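In order of appearance the chains are A, B, C and D, and numbering begins at 1 in each one.
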Amino acid sequence: MPEEFEPKIVAFFCNWCTYLAADLAGTSRIKYAPNAEVVRVMCSGRVDVQFVLKAFAKGADGVLIGGCHPGDCHYQEGNYKALRRYRLLQRLLRQMGIEEERLRLEWISAAEGDRVRVVIDEMVETLRRLGPLHKSEALMEVA
Amino acid sequence: MSGAYGYFPGCSLKGAGVAYEESLLALFRLLGLPLAELEDWNCCGATSYMSIDERSAILLSSRNLLLAHKAGYRDVVAPCSACYLVLRKAQDYMERYPRIGKEVHAALGDGDLKVLNAIRVRHPLEVLYTDVGPGRIRQSLVRQWHGGRVACYYGCQMVRPYAEADRAHDPMRMDELLRAAGVPTVDYSLKTKCCGGSLTGTTHEVGVRLNYALLREAARKGADAIATVCPLCQYNLDAYQREIRRASHEPFDMPILYFSQILGWALGADTGALGLRRAISGRKTVQQWFSERRVEKEAYA
Amino acid sequence: MKPKAAFYWCASCGGCEEAVLDLAEGVLDVVAAVDIVFWPVALDFKAKDVEGMEDGAIDISFVNGAVRTGHQLEMARLLRRKSRLVVAFGACAQLGGIPGLANLTTAREILCEVYGEDGPRREFRENGHTLTLPELFDSVYPLNRAIPVDYFVPGCPPSPKIVADALQTLLSGVLPEPGTVLAPDRAMCDECPRRDSHPDELQFDCFHRVQERVLDTGACILAQGVPCLGPATRAGCGARCISGNMPCTGCFGPTSHVRDYGAKALCSIASVIGASDADEIDRMFENIVDPVGTFYRYSLPSSFLERKRLE
Amino acid sequence: MPERIVRIGVYTCHCGSNIAATVDVKAVAEFAATLPNVVLSRDYKYMCSDPGQDLIRQDIRSHALNRIVVASCSPHLHEHTFRTALKVGGLNPFYFHMVNIREQASWVHENRVQATRKAKDLVRAAVRRVAFHEPLKRGRVAIHPDVLVLGGGIAGIHAALTLANAGKHVYLVEKEPTIGGHMAKFDKTFPTLDCAACILTPKMSAVRSHPNITLWTYSEVVKVDGYVGNYKVKVLRHPRYIDEDLCAGCLDCLEACVYKQAKVPDAFNLGLSKRRPIYIPFPQAVPQVPVIDPETCIQFKSGKCKTTCVDACGERHAINLHAEPQAHEIEVGTVILATGFQTFDAARVPYYGYGRYGNVYTALEVERLVNASGPTAGQVVMRDGRTPQTVGIVHCVGSRDENTHRWCSRVCCMYSLKLAHLIKEHTGAEVFDFYIDIRTPGKGFEEFYQKLLNERVHFVRGRVAEVTDWVLDPSEEGRLVIRVEDTLAGFVRRIPVDMVVLATGLEPRADAPEIRRLFNISCAGEGFFLERHPKLAPVNTFTDGVFLAGCCQSPKDIPDTVAQAGAAAAEALALIDAGYIETEPNTAHVEESLCCGCKTCMSMCPYHAVSFLPEIYKSRVNEVLCKGCGTCVAACPSGAMRQNLFEDDEIFAEIEGILTNA
């Protein structure tokens, strides 16, 4: 019986809302799946589309971007920039044969510790269903 | 998609509560709201079933929802509060507990949960209030009320736990609709208390004591009759009054009416079509109150 | 004694070969400056001539075109072995180029499309000889995924000036750092004739496809709502497309600080739209019908993802 | 310039058992030692402790470390601590990266193997990242010495006075026409039963007369710009139609009003009394200046009033019926939010009959009834004019309740006891307290409870089911019946009373979300303002220079509120007297050789920190205005825009580190 596939998620959390929410989940001892690893950025607006694709290319099965709720951005509107990039990127990923569930943008405020659990557990669940994201194998070794 | 409301009578409205069905159909006809009975409906799974085997109860209700969906109804009207509750509960549980959702799906071999939950389960009182409203009732009055004051009794299942048909703790919609029909209603603190449900059949004296409290408080608040929205409430209050009278030595002889009988009469339904003759308690009062008397139109224009 | 030079093409349209000739009389200087030992397009050499040479015998090989067949891979490796320097010449060799868009499909899909279900015959005999079609890979690769590459000359095709400068640099003897892209490390806007019309507050309410509107010849094309990738694309072309009143489509690839050209371009364009609610945003992007073709027109094989996911 | 050869020291913290219980700290440390550029890897019980920091300081010297990674708790907690340790150790503090393996690993996972794997991944990512770190310098921002205190309740008053006494200029802005807040409504305060007015009103007049305090009542903050040290705040002052400078507070105008009888429900008395359209909230109001309420004033409604008030004012000409709202722009360096709370709306729990039965009151209403200067001059008479013989006080109304608010409002038990005592004192009535638990954790609180027990107040343990007029027994006729399960006696009781007092809980003000947005701070789940750290930074917010005092942060009693207000004032003073604050160097900057002047960055920046230099055709970042979000960096199409501490190289390295064996 093969062991269950453990998806790997790279999570970009904004410093002021979602990262704090993740800290709150910790101080509240809320338990969730260990499959997501967080890269802290100051604002979801800092998340370059390159980062997302890099993560997918390097073997992430899913990417999660966490920012402040619309209107609540610590930097006024960085989260809207994130939203715009996310929507266009989803269109591109579709063409590249990557299911949209693999990239998730979530608004999680500093108060929503439990939301971190819900989102990550849900995402792990979905990714288990979707299975690993295989990047095409390198055809040849570069000498 | 038919414009009609899917109508789920449930067992009571075909039995002890037939007066409810008669008056309701008459009333809805007058208001031009077509009630179309579901083909091949089955038991809603309420009361005893619900408390013994929740799973089967929900399966039963889900089938009714599926029938409604297949027949293309967006709304299902369930006059019996128990039916109303179980149908609603079935949806809620399917939503909340995926396991139940799966079982239902398996059992029905069909029934995409989304469509089952998209159906709006509604109580006729709420339908009258939102889709018709006190305003239109007031305008369409045909008979002028000359009966006494009424205590509006909502019972428990219509408002709890789903406070969708009306507010959970102080429902007022029946009061508002009856007042719109010129019927004076009294402030009735027990409006959502228990009628004893099926206790009258099992732990009899407890059930009867509860009904005694309901009658007594209504009388104390100056009510001459109680209006109900649920066949079980109606039956308990109506059928055990003689017994309560004997036991308490208090002269209860109070009509226990369905709100639909009062509204139906006020809007001009044929008095014979409202199931009024089926009343057990307060028969004389009923006869007086529901005799012919036209509204002076201009007064209500 | 003159340095020995080789020119070769892999998966390309031939435009890069033209680009050399585009030097016009300048090509004579090239011929004068180098001793061309291999140039199948122009002169009658055979692969075995190259095989015959000693390793490193060729001073510099200019290879254009992407790598997508076994034969191209073989030739690339051969030239690598025989050359001191290998230059990826043009967008296809540098980034994968237009052929790289084939990475949205697979070899099988392509062959079925052209030859029907069972595809072409790989082998057939002709009076005793057996001819074998080279393998068609699922993916198109930029040259540096096949062999180590010393320098890159960008462009589809490289402009005469870029080519001339590149040759001069490489023949000058003082070589730039290996891996250098032989074009200015700035974005194209820098040399755009319309750059002064670039507004301070870029913002779009909708995008237009270039065929949808007559572009004002004086104004910044991006500011007119047509995705122009000038800001994301390396300079050096002399803004040729803009002069032709067409938006930049990015053939010169990214600057040295950008790792994934299309991702960066997309990120930038998406950032400057006016909408803030999801549906509104989606509506604005409706006119970007082919994001991959828009942002990765020349660089899909050299992007992080390299190709459409293989099921 | 970054050091040529990277020599990384990695420190993995046990945090007692907080981390060690779920993460195999030794294994993580051993793993770290195998990573490239790591010359030293240690684990230690408490890295944040002095010996822990010492380790780092010594190793920097003895092992010539030039990059440090600490795997412990959240950077929000100790990043600063460790950066300082680097500094002391003689290393640039930004050659540091922190790995959060407590809040985001050991505390949230159960499986030791997976938690350890995750910790290793994160450490690997940090090690890769930190190699790219560059030495950075903090910027400095000067702190404007003036302070804005928002809210004129006891919290705001105390904070304002503390600051003013320290010689700082304070703008005290209050929404209501008077300062004093909720405390001004109280009669006595628990547990000492000293009179609220006697301790509050002197402070109120002190505010009024203090040369360092600008008091703006009937005013609101409508706009906030800038950043710590340099906030620009726009305050809107609503017209009270009576000039504060000209009015002498004689109140003749009130008497002169054409309304001989007061007709308008008096908000200060919670509608238990009436006032005229021209009124003063309460006799000791500060400022002693009446207000005209245009909603009810005949002159404003019809323009046909004899305006006898104006005549009464006569020569002073203090009344100006044409007054307009005034906007003031002020500059302050720090802000103290003391916006307080609102009480739970008892109508939300209809089964307690508030609004349905006249003799059901909220506690705050009863505060006014028992108050000597209240609508009944301290007489506890009910709406039906009777004096209650029996009174039931229902605890936890809108508190500790799944359907309303889950939290305990902290003050209700004590004020209920206080009211029980006062009601007994004023009426001799029999008093029942219906409680879930009695919570008296405070100086003299438990003793007060004992005192009440001795005063023969009946305590019934159980959450009240309903307050009803449903009569079962003739003795209940005309009274209110409290139905409750007495969980000590173990049966359901019906207790008839004349008057019911609902001990409503404290909740965030309805306008808390607006205030939160204005000042760019966060709210906790229940809607109270979020402090930076529940223990170590209870009056700070995540926005530098904005501090919290009183019930806007969470329900608390007067002593705690005053203490917190003092603390907030002290935090502000610390900043002001330091004169400057050091800023994070995580700002953006343009690599000019790459910038082609496309100006994409300019449209990204909400702070106008990016400007365009036409002469060289490049963008440039004003590092004082830049707040370091990095949005322009992601948007820059040519990679010319960069961000300190969040360089592309650093983030890519982190991503690769996380995914290396994925």
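The criterion applied here is as follows: a contact is a pair of C-beta atoms (placed from the backbone, for glycine too) under 8 Å apart; a residue touches a chain by one contact, two chains touch by 3 or more.
Nothing here was measured: the structure is a model prediction, and the numbers come from that model.
Asks: Find the most central chain, measuring centrality by the gap between its CA centroid and the centroid of all protein CA atoms shown.
Replies: Ranked by how close its C-alpha centre lies to the overall one, first comes A.
Asks: Comparing B-D against A-D, which pair counts more contacting C-beta pairs?
Replies: A-D is joined by more C-beta pairs in contact.
Asks: I'd like the Å distance between the centres of chain A and chain D, where a centre is the mean of that chain's Cα atoms.
Replies: 31
Asks: Please tell me the distance, in whole Å, between the geometric centres of chain B and chain D computed from their C-alpha atoms.
Replies: Between these chains, centre-to-centre, one finds 49 Å.
Asks: Just curious, how far off is chain C from chain B if you go by their C-alpha centres, in Å?
Replies: Those two chain centres are 75 Å apart.
Asks: Mind checking the centre-to-centre distance between chain A and chain B? Centres are C-alpha means, answer in whole Å.
Replies: The computed centroid separation for chain A versus chain B comes out at 50 Å.
Asks: Show the residues in chain D shared as contacts by 2 or more other chains, in ascending order.
Replies: Chain D, residues with two or more chain partners: 604, 631, 634-635, 648, 652.
Asks: Residues touching two or more other chains, restricted to chain A: which are they?
Replies: Within chain A, residues 48-50, 54, 77, 81, 85 contact more than one other chain.
Asks: If you look at chain B, which of its residues touch at least two other chains?
Replies: Residues: none.
Asks: Can you identify all of the chain pairs that touch?
Replies: A-C, A-D, B-D, C-D
Asks: Provide the residue numbers of chain C that touch chain A in the complex, in ascending order.
Replies: Counting only chain C, the residues touching chain A are 73, 77, 80, 104, 137-139, 141, 144-148, 258-260, 262-264, 266-267, 269-271, 273, 275-276, 278, 281-282, 285, 288, 290-292, 295, 303-311.
Asks: Mind listing the chain C positions that touch chain D in their complex?
Replies: Within the complex, chain C touches chain D at residues 185-190, 195, 198-203, 222, 229-232, 235, 254-259, 264-265, 267-269, 271-272.
Asks: Of all residues in chain D, which touch chain A in the complex?
Replies: For this pair, the touching residues of chain D are 74-76, 100, 102-105, 107-111, 114-115, 117-118, 121-122, 125, 517, 520, 522-525, 530, 534, 542-543, 586, 604, 606, 627-631, 633-635, 643, 646, 648, 651-652, 654-656, 658-660, 662.
Asks: What residues of chain D sit close enough to touch chain B in their complex?
Replies: Residue list for chain D touching chain B: 349-351, 356, 468-472.
Asks: Using the touch definition from the top, list the residues of chain A that touch chain C in their complex.
Replies: 48-50, 52-54, 56-57, 70, 77, 80-81, 83-85, 87-89, 91-92, 95-98, 133-136, 138-140, 142-143
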